[in-house]
Structure formats: structure tokens, C-alpha cells
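Below are two complexes that have chain A in common, paired first with chain B and then with chain C.
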Partner chain A sequence: MKYISKRLGFYLIAFIAAITLNFFLPRLMPGDPVQMYLAELYESGGRIDEATIRAVEELFGFNTNEPLIVSYFKYVKNIFTGNWGYSFANYPQTVLQAMSRGLKWTLFLMGSGLTISFAINTFLGILVAWKRGTKFDTIVTVGGQVMANIPAVIIAIFLSYSLAHTGIFPRGYAVTPLMVHANAFEYVKDVAYHAFLPVMSIVLMSLGGIMGMRANMINQLGEDYIVMGTAKGIPDRKIMLAYSARNALLPVVTTFAMQIGFILGGSLIIELVFNYPGLGKVMLGAINGRDYPLMQGILLMSTIIMLSANFVADLAVLFLDPRIRTEGKRG
Partner chain B sequence: MKKSIALLLILVLIISTFAGCGTNDNNNAVNENVNNSSNVNDSTESSDNTDEPTEPRILTVLLNSNDGWVRNFNPFANGSYDFVNGFMHEHLVLFDTMNENNEHMWLAEDVISEPDNKTLIVKVRQGVKWSDGEEFNAEDVAFSYTYSKDHPTIDRTGDWGENGKIESVEVVDNFTVKIVMRDANRFHRQDIFLQKMMVPEHIWSSVEDPATYVYENPVVTGAFSVVNNFTPEMVVLGRNPYYWKADQLEVDELRVPQFNGNDGALSLLQSGQVDWAHIFIPNAEETYVQGDSNRKFWYGMNDGVRVAFNYMTENKGNLEAFNSPEFKKAFSMAVDREGIIDSAVFGYLDRTVPPVTGLPSALLGYTDDAAQAEHAKYTKYDLDAAKKMLTDAGFVDTDGDGWVETPSGKTIEFDILSPAGWSDWNDGAAIVAEGLREIGINGTANAVDLGIIIESWESGAHDALYTANGQSSNIWKFYFDTIGDASRVKTPTWWSVTQTNYVNEEINELIAKMPNASDAELIEITSTIEQFFTENMINIPILYNGNWFVYNDSRFTNWSTAENPYCQPALSVHDMKVYHLLNLKAVK
Partner chain C sequence: MIKRLLNIPVVRFLKESPKTTIGLSLIIIMLIVTFGAGMFTSHDPLHRYKDEYHSPPSEEHILGTTRLGRDVFAQTLYGGRTSITVGVFAGVIAVSISLVVGVTAGYFGGLVDNVITTIINVVMVIPQMVLLLIIAAMLGGSSPILIATIIGFTSWPFGARVIRAQTMSIRSREFIHSAETLGETKLRRLFVEIMPNMLSMISSAFVGTVIYAIMAQTFLEFIGFGDPLSVTWGTMLNHAQTTGALSSGIWWEVFGPSASIIILGAGLTLINFSIDELSNPKLRAQRFMSSYYKEKKKLMKLEAKNSLGSSHVEGGQK
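Right, the complex of A and B next:
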């Protein structure tokens, strides 16, 4: 129990730090929502008089005279009462409504990406650890290492230019725009076609996970019970999968949670490259419009996703590893 | 343990499929609805006309880049959609910015300007109905003007308030409205009808806060009033059953798909299903036309683009240079305008160089011959002449750093700012800077976040901008906004206008005389201003922005084109787009 409360305390502090940054960072950017709105109006050929500016200022209710600290405490209070406010640019939608569509697609990308990369990384990790020292091991290990160190944006741009701009895969959207899908299957096929490159980027950038699995696996393979098992004549396959891999997976669960954060960050950028209608696109729109409430909402949502994922991982480890549980009791 | 890992994986899978499914359901619903509504549309079609029911004729347009449509047709809302303006809510008079601001009477049958230059009598068109069947009359017109009196948040054109333009609006009879302006001004009629949408009194009079009101079921006089379908991905609008120009309208359904940014728009255009868009497409032959003879674009001429100096810069050396006409003339001659047109905008824009005042194409009739002759001398790319002019005026490199100094020996060093991401401007500014460096002027192009540019206006911390001149409905307003309003200097409230912090009392006095000048006096004043600006090179004119008109004539023909420019073709916010719409002919 003490372990859990300690973790919770830590998350609370992290949460407060995050919402504080979420509030101040957007406001440190030059320009304000009124100006950005006018810029958009101007760019689309509208006429801007002094009167327009005054009316827009009044419309946004944007009060530059209120001390920042007062706004900050109002904002904190609103977060805890569940009132995230209205999006400036998507009025009358609330912040939650404005980001829900993007969030769905981002979760879809992340979910698919995580599942696929987890399966690939685990499987390859087991395999190369088992065949360590072979050419196959060298290629996969070095390859994984290289991919893990290339920033997501480079991978995405490379895929975009080589596969999307050549017309093999679509250059944007989650489904073909203006297309009427004959049935659900057609729709799923269309979604998969559009998600292929973004998901592939996520999988590629997560290939570093092979290293973790490989290292755990090699540790396990050196353990006495493996030697014992081999001596007793247990088949290799069983030793590899049921004995060592099973135990090697344990630490991976923790890194899995950390991966969620890593992938969330990456997927926001990947979405922009592939013009995918996820949270990253919504975020960019919010930044360009200096839509403070929406920006805060998205950052807050990311914070919540990150912290919950970590918390779930903490609980999972607690559940999976009896040693931590006893530690808690002793202390 | 195995179980828990499996559980975790399943959880992730469920979340992801859930997310996918949610949108899946939505989308199927969209498609069904679209089909249903088309059927409904068919039947109304056939009941209206005696013709056989046919496939609905669909016009697909790209308007308003966004992350998803929100069902709100409120024309007063922040970020109100451009299709609401014109296609739904209409105007009294339309002004063709392409053809010298020609007037087209729309919901007004006639507008009479009284000789006092203050009073306008609006004859309201008879026989027009709102889409709910109510009659459109003088009450609605008066209401559309007086509504913003009690609601300052929607008074975007400055009609009321402290310095408001309008004195009173009065219903004379059922179809006549008298509008009295506060000051006499010969340009009132161009000013007061532009972008002023008519709204039904019987709906809006009971709305408390028009700016935040959520208007889901629009009542309009315009071509489209029926909402066949509304999803974040697409807006589908059907014909107004009472449309007063129904016999001219060959479009049965207006579709506005959602897109975000230029890339998104381009993918939609590439699908071949978009008929009309407002976008600059780099390398359009390869990325958009792709050999399809129906995919066309014509950019034409819009407002001027220029390099604007900050005449209140705190940098003494730069200020001395900016105040020297010779320096600026040399600057102008170092600008490779042809190069900018060929590379920054792929040769798609007109090669006319705007006057130094930056008169938009609709006001080009006000250019002055003497000014244009002078202008021609200094807008030709000639590095040698530019260099000579600099040297003759005393701008030479005295400290040997490779860059020229001012005659009094001060350093000249400045950035030409443009908003990052506006690629044609970023490239244009870079080419300008290249030319400057050739003749020894230390100027650098710098693409920065738009927010930084806006902040620099207020602080006056910048030196030069690559920017536009802006559009205007009439010559007086153009001069007033871009030159004559000294109160806008060093404030953040001069979007699209001054941007130079240039104040000249004599010129301002001339501009103040324009509203009550006779025709002859007006020409005298405009000539004086044009000549003064050209002689002193207040701005460096570069080129004319385009109208970004992109169209596909496979489904509809008779577009306004370079060969037959019968109206301003741009989609965007221009009032004329409804006139253009009604001229489109469906391909049989």
C-alpha cells in the first residue's frame, strides 16, 4: 500500500507541474488568439478595420488586463471541476469535443502501432537472443539500434516521399475523402490502407525494443534453471518460450508503459507528415490559432494518458513481481 | 503472468478497435444520410420542375481549412464559415473587385445616393422570400444594419459606436430603407454594402447574444438553405425551396468537404471531385493538373505585395537609409521581380509591378501617368545602375566589411521578415535579399513565426517586412487605411494596412479631403499622392498576389476566366462568389 501511495504522490506532483507548464508555455508564444484570428481572416482575403479588431477582441472575451496568475488559478480550478472550457477556434464546441475526433485516430494509430511493434519486438528479441552471435543476430540488433536512433520525423518523411508521394500509398486522411464505402469491410480496408504508413513509422521507430527483450532474454538464458532444464533434456523450443521468454517479458512491461509516452510524442509528428487527422493535426491548428483552451486541453490529455499508462505499469509490476509487494510490507 | 500480459495486450487492442469502430459507425451513417438526402432532393427537384427527375447536380467546393465542421451557420460567430457568406446569407449589393468594383444590385433593386453624400435610399427587391417562406422586406434590411448597434461584438465594420459610420436607419415603406451616414462621404455606398449579410429579423430579433448563438437551422435568402447532411467531414447543403433566382441556379447540392492545410486540399483536388477551390498550388501542372484537361487554375491579380520599411525603427543607420529615396530606388532596382515570379510562384502570377502605393487591381484606374513613368525607371532589375545610384548618393563601404554604410558612416543591417510557412513570400523575400547583397546592402531574409511579426508591429522592433498592401472597396478607404490614419502607427491594430509607421501630415490632409472632393479634385489628390509615393519610394512594390482560383470544368462550365473575366472568380470571402455560382452551367 505504501508503494502505491508513494507512486500516487509522485504522480500528483508530476500532474501539477505538467498543468502549470501547460498553462504558461502557450502564453509565452508571441501573438494572441485575436491577432491569429485576424491573420487568418486577412489571409483568406477579408477586410480588417479597426472596428473589426475591436469587435473580435470583445467576441473572444480575451482580457489582456487580467493578471496571468489570476487566470492561472481560475484554470486550475476549472480543471479539477471538469470544466475544460470552449475552444476559441471551434466554437461552440468544448475543448473535449474539439479534440475527441483527433484523439480517436491518434489512439487508433498508437494502439495498432504498439500492438504490432510489441509483437515484432518480443518475437525478434527472443529469436536473436536464442541465436546470439549469428549473422541474423548482428543484422537485427544493429538494424534495431539504428532505427531506434533515427528520429520519428525522419522515418516518416522518408516513408512519405518514397511511398506516399509516388502514389503507392495515400498522401493524407484517415479514409478516402468523398468516398462512399459500400460496406464495413470496404471501410476497414480503406482505413487500413491509410493507416499503413503512419503505423509502419511507429513500428519502425520502436524497433529499439528488440534490444531490451534480447538483453533480458540473454540474462535469463544464463540462469541456473535453464542449465538445469537443458541438462534434463527439455526441448529447446520449450526452454526458449516457456522458460526464459516468459521471465524475460517481466521488465518489458515497465518499458511498455514508457513506450506509450514515446509513441504518443512520435505519433503527433507522424500525423503531421502524413496529414493524418489525429491529435497532432488538431494541436497544430490550435497552436497556429493560439487557441489556448484547446492547446491546454490537448497537453492535459497527453499528460493524463502518460501518467495513467505509467500508473497501470506500476500496478502491473506490483501484481507480477511478488518481490515489490513484500518490500512494501516490510517497509 | 502470462495472463496479465495477454490481458494488457487485449486491452490495447480493444481501445484501438473501439476508436476505429466509433468513427466507422459515424462514417457509415454519413454515407447513408447522404444517399437519403439526395433522394429527397430528387423528389423536390421533380415537384418544382415538370422535368423528369435526374441525378442531383453536385458542386464540390473547398472553403475554410479546419479540423472538422461544427454545425453552426451563425454568420456573426467567430470563424463563421465562408460558405455562409453569399451562398446562404446574401448581400444588398455585390462589388466586383476584378472589374473596377462594378456594382451588381442583389437583394437591393436600386440604391440612390442623395446629393448630400450622407443619405442612401435602398430600394429593397420585391418577391424575395426567406427559406422558411416569410417575406424579405425593408424591416429585415433595417434590422440587419441596426442589429449590431446593441451588440458591439458583431459590429465588425464599425457602423455604430463612438466613431460609427451610421447615424440612423429608417424604414420608409415596406420596400424602402433610408440610411443616413454620420459624415458626408462620396464613397459611402462602396463601404457600407460590402460584406454586409442580410439576416431575418423574425429569427434574430429574439437572439440574446448573436456572437455565441448556435444557429443550426439556417433561415436565409440564398441559394442553399437545406442541410442535407452535416458531419465533421462534410457539409452537404440542398437548394433553398424559395430561392428568388432558382431558375438561374444549376447546382442542386453544395458539398464542402473538410480539409486541413494545403496538403489536405491538394489530395482532395487530386481526386478530381472538387469543382472550385481557393488555393495556391506550387508546381500545379505536375501536382494538380496531371494532364487532365478539365483541371484548371487562373490566379489573376489581387492585392499588391511589397517590401515595407519601418520608418520608426530604432536602428539609426537603417533609419537614415530608409529615409533616403536614392537608397530605396537602388533597393528597388536590385529586386529581381521576374525571378521572384518564376521561382517563388512558379510563373503563375501577372508580371505587372504594382504602383508604390500598392493600389489593388480593382483601383488601378487611379494610377497617375507621371508617377508610372517614374515608377518604370526604378522597378527594372539592373544591378549596375543600382550600385551606381548607391555610390552616387554616398552609400559606400567605408569600414571595409564588404557592406555599404550610410553617408554619415552608420552601419546598415536589417532583416526582411515574412511569416514562416507562407512559402511564396519566404522565397520572394530571399530573392530580394540576394539582390541586395549583390549591391552591397546587408539585408537578410528571415522567415519567422507570425506571432513574432505581429508583436514587432506594436514594439516597432522590426526593420522591414515582406508583406501585402491589402484590398479595399474604394480609393479613399485604401489610402486612409494604408497611409492616412496616423492613429494606427505602432499599434497592433493595423493588420494588412500601414505596416510602415510612415506619417506624412500633408498627405494625410489630402486624404482627409477626399470624401468630399469633386471628381476633378479627387484625380488631383490621387495624382499628387501617387507621384509623391513614387518619387520617395515609400514602399518597394514587388508583384500582385493572385486570387488563387482553382477549378474543374468537367461538371460545370462557364467559369470566369482570363479570356472571359466576367467577375471576380475567387471563392474565399468575396461577395461575388454567388454571382459566379449563378453563372455556372451544368454539363449535360
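Right, the complex of A and C next:
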């Protein structure tokens, strides 16, 4: 399991890098959040004395009296022990509590969007590579790529205008507010109904994945073992799916990282357009309320989402590629 | 005369590759329309027409007016200038960074490569959109130049990775080895031997980054980080969202900017396709394949005709 431990080591480095970035970002910015917060407090008529400053510094994890390196290690320790500070836009709540509301819906959106788009992209990619050079190929490849390069905002606005505002689909929320669901099935139906348009936007904006699958597939189809298979008289369908597609899938799975980041950013904005109560909504609230701890928490949380998704992709590679599995044994 | 014109290599390439032709013309049209906006509309994008709030498209206002009575068509044209400039500016920054980082890693290899690759991978795992938002929020970001700079400095890793891979593959080719044996200096090898072979890669990375930058900029401005006084496509969408244009059925307010972004994006995408085709002969095979299919169809038709006319034609070609 050398492969897994190597990957886990990388994720640890990446996570620490994200924490470091998170720590230094507000300190590099002109005008630190403590000062800004105090100024706002002062303008709204609050009393500022030594104790208030201490309290606010405590809130932000800032401390002007201790060296930077000490605060840094304190910060790292706090992150790992689950003490991410308080969100001061929704004060008695901690950052983790404030995020947890939106997190499950974002994960749900991303998860279903990723699964569906992965299935569609892979299937279309295989098909298009098999029929390369035909009109169908040109239309699907170019169309998919153009679709992928339209900003998520516009796709979402278009869908929201054409389908949500005409009353076919709901205009917002993840479930119908104030509705008591008769049973679990009703609930699932309601959730699916509300998630349909956001998920569809995610699928549309990630259609560019067809290109990657197609290119790998075409490379595979030129290999000798495919010629051999054809010569042996293996049916086309089997060559297409069991032979070339399986190998073509590998590089696609390994380039998952970018895809996930893309979808994460996209789903945040899609949530805003569809008024979906996910992390994007929480983020907007944090930005409007100048809630820096919450913003930083969201950056860390989304890094964690990225890392976990990458880890799942690694496991998938392990499953798909026998070479990696035997790597440790050979040497 | 026309025949001779058609034989110029550039024209021949355009004729053979409709993707390039369409893509180029879309971009050129967008550039002319936005940078020569004064020729196409007589309205001032910031002028407020009294008593014409949210008026639907008409002869006077081709795309209607906004809630504040501003002409949407004029805003779309003038706003494009800023949007395109920001995209190109961010693209230049990002590609320069990824070029330096990628070539250094790919060319020197070894420890340098290991360190840089780890950095690239780490940066790629941090969600760029979220980072972009947070930096913009902390800076209270507004001016287009600032937005372009932020985008430029956060979107280089992907290009760097591609350029690194390309440098590595070129570095191990024979002509580089022979240049080495001939005693060429490192710098000369880098700039005279390797760079020209990377040109297509660099331009494709550039086009990709410009697309990404325009998307990211739209995203940032839509959320409300745009300068409220400057007109860009993103701020137009933001205004439409905040004034509730969509929920009240005012489609024309978003039509202009959305359509322009889509057209520009489609043009750039098509250009990227043709750059890939030019640099990678394997992909060009697609064109030959399509002519092969055409020929095959012709042959089949011919065969069908022949078999109808005389039944004893057998064998021959398949």
C-alpha cells in the first residue's frame, strides 16, 4: 500500500499548505480584519477599550502580543482539534456549525452532479471516439466543449429563467418550505424536484469532459492489443467497452482534481442563482457580513472536499489499474 | 483570380477547417463590435433615459433598457471592452507565470522538478474559485485591473502542468541532445530549440486561460465585487440579478451580456481546437477521416448504381 500512503502524505502536505495560506491571507491584506471590525463597531456606537480589543482578537485568532510563529502553531493545532473559531455574523454559532447547514446540500449537489456528468461524459466519449470523424463526433465534441466554456452563471440564469420562472420547476430552496412530508418517498421526490435544475446546470457545464475521454479512447484504439482483439474476432462492443474503455478511463480518473475544483466553484454560483441553501449561500452571507472566520472556514472545508474526492479517485485508480496494486510486491 | 486566392496556404487551411474559420470570424466580429462600439450605437452606456425604465426592445433601444433607463445594447458593446481586456490581461499574467514555472520544472528536472510539481499539485487542490472570492472579499476588490490581477495570479497551475509535461518530452528528443553535443549554451537551447516547439502549447494555454478569466470575472462581478461605476458584462448580470429583472420577466437585460459571453467563448473554444489540430497531426486525422467517410459514401452509391445497372459486376473494391 505504498501508493496509498504516498497519496495520503501528499494530502497532508496540501492540507497544511491550505492552513498556512488561510493563516497568512488575512495578515497579508491591507487593513487587518480586527481593525476593520473594531472600526465598524465604533461607527455603530460601540465602546472600545482594551478588553474589547482582546475579545475581538480572541474571536479572530489574532494576537498582536505574541510572535507570528507561535500564533501560527496555535492556529494549526486549533484546526486539527476542530476549533475553527466563531462565526460572528451568526455569533454564538461556531464556524463549523454555521457551515454544516449548507455543507450537506452542497455535497449532495456536487455528488449527484459529478456522478451523472461522469456517466454521461464517459458514455458519450466512448461513443464519439468509436465514431470519430463523423458529423456526430464533431457536433458532440465541439458542442460539449463550447458548453463547458460558458460560465456557470449564464447556464444557471438561462435554466432558471426558462424553466423555473415559468413555473415548471421551483424557484428556490432544497425542499418545499413548511411542507410536512408524508413519508420518506415523498421527501426524496421533493428533494429531487428541487435539485433537478441545479444538478442539470452542473452536468451541462462539465460536458467538456467528453474531450478527455475521447482523446484517451482514440489513443487506446490505436494500440496493438485492439488490433489483436479484432483479428481474433472479438465482437466490437466488447472491444469498445471491456478492452479500450477500461484503459481509457484511467487518465480521466486521475485528472479528477481539476474537474472537482471546477464543479465546486460552479456549484457555489449555481446555488446563488437558484437560491439553493448550500455552502455558496453561506459564503455569500459571510462575504456580506464580513465574516472572515467563516470565509476562511469555507476555504478550508472546500479544500477538504477536494482532497477527499481526490482520495476517492485514487482508490478508483487502484481498482482500475492492476499495475499499481502489484507495484509494492514487485519491488 | 479567385482560384489563385484559394491557393494561398492560409486560405486553403481556413477552407479545410471550418472550426478555425467560424472561430476566427466570431472573435473578429466581437472585437470590432466592442472596440468600435461608437460605430454601432449612438447611445451612451451610462446615460439614463427618463421615463424609459425597463422598456422592452424597440427600434430606438435594440435590446431594451435597464431599470435605471440605460440602453442595454450600448452597455453590452461598451462593457465588452472591459471584459475582453480583463480576460486578456489575466491571461497574459497567468501564462507568463505558468511558462516560467513549467519550463523551469520541465527543463531542469530532478529536485527542482519535484519541488515545483508538488507546489503545482498543492495549488491545484485548493479550490481556486473560493480562493478568488476570499481574496476579492478581503481586498474589497473592485477595479477591473485588480480583478484581472487576482485571476491571473490564481489560475496559472493548470497551464504550468501542461507546459512542464511538454518541455520534458521535448527535452529528451534527439535534436536537443545533438544541440548539446554541438556545444550550444543552455539559454540558447532553451530559447532557440525548445521554445519554438512550444508555441502552439503556449498559445493554447493562453486561449484557455482567457476563457477561464472571462468566466471567473463574470462570476466575481455577478456576486457583486465589480466596480459599480464601470460597465462590464459581469456587472450587467449583477445589476439584473439585484434589481430583480429575472423574476419579473425582463429577459432583455441579461440577453446582451450572456449572448456576448457565449459567442466570445465559442469563438475562443473553436480557435483552441484548431491550434490543437495544427500542432498535433494526430488530431488532424479527423479531417482525413471525414473525407474518407465521404469517399466511402460515394463509392457505396456508385456500387449501388452499378449493381442496379448490371448485376454481373462483382468483386472489385470494397
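Quick notes
The definition used in the following text is that the second predicted complex is superposed on the first by the 226 of 331 C-alpha atoms of A that agree within 3 Å, B and C clash if a C-alpha of one lies under 4 Å from a C-alpha of the other, contacts with A are read in each partner's own complex, and residues count from 1 in each chain.
The rule is short, and it goes like this: contacts are C-beta pairs under 8 Å (C-beta built on N, C-alpha and C of every residue); 3 or more make two chains touch, one makes a residue touch a chain.
As the structure is a prediction and not an experimental result, all values here were calculated from the model.
Of the two partner chains placed by the overlay, only chain C lies in contact with A:306; chain B stays clear of it. When the two complexes are overlaid on their common chain A, residue A:188 makes contact with chain B while staying clear of chain C. In the superposition on chain A, A:29 makes contact with both chain B and chain C.
Taking chain B and chain C in turn and counting the residues of chain A each one touches, the greater count comes from B.
In the superposition on chain A, contact of A:52 is made with chain B only, not with chain C.
Of the two partner chains placed by the overlay, only chain B lies in contact with A:250; chain C stays clear of it. In the superposed model, A:298 lies in contact with chain C only, and not with chain B. In the superposition on chain A, contact is made by A:105 with chain B only, not with chain C. Looking at the shared chain after the overlay, A:92 reaches chain B, while chain C stays out of its contact range.
Common to the chain B and chain C contact sets on chain A are residues 29-30, 171, 290. Listed in rising order, the residues of chain B touching chain A in the complex are 1-2, 4-5, 8-9, 12-13, 15-17, 19-20, 22-24, 27-28, 31, 34-35, 60, 64, 66-68, 70, 72, 77-79, 82, 152-159, 161, 194-195, 211-212, 214, 232-234, 255, 257, 259-261, 263-264, 266-268, 270-271, 273, 278, 302, 419, 449-452, 454-455, 470-473, 481, 488, 492-493, 495-497, 570, 572-574. Within the complex formed with chain B, the chain A residues making contact are 29-31, 35-42, 44-56, 58-60, 88-93, 98, 101-102, 104-105, 107-108, 110-112, 114-115, 118, 170-178, 180-181, 184, 187-188, 191, 246, 249-250, 253, 256, 275, 277, 281-282, 285, 288, 290, 316, 319-320.
Contact residues on chain A toward chain C in their complex (touch as defined above): 10-11, 13-14, 17-18, 21, 25-26, 29-30, 33, 132-134, 137-138, 142, 145-146, 149-154, 157-158, 160-161, 165, 171, 218, 257-258, 261, 264-266, 268-269, 272-273, 283-284, 287, 290, 292, 295-296, 298-299, 302-303, 305-307, 310.
The residues of chain C lying in touch with chain A in their complex are 19, 118, 121-122, 124-131, 133-135, 137-139, 158, 211, 214-215, 218-219, 222-223, 237, 241, 246-247, 249, 251, 254, 258, 261-262, 265-266, 268-270, 272-273, 282, 285-286, 288-290, 292-293.
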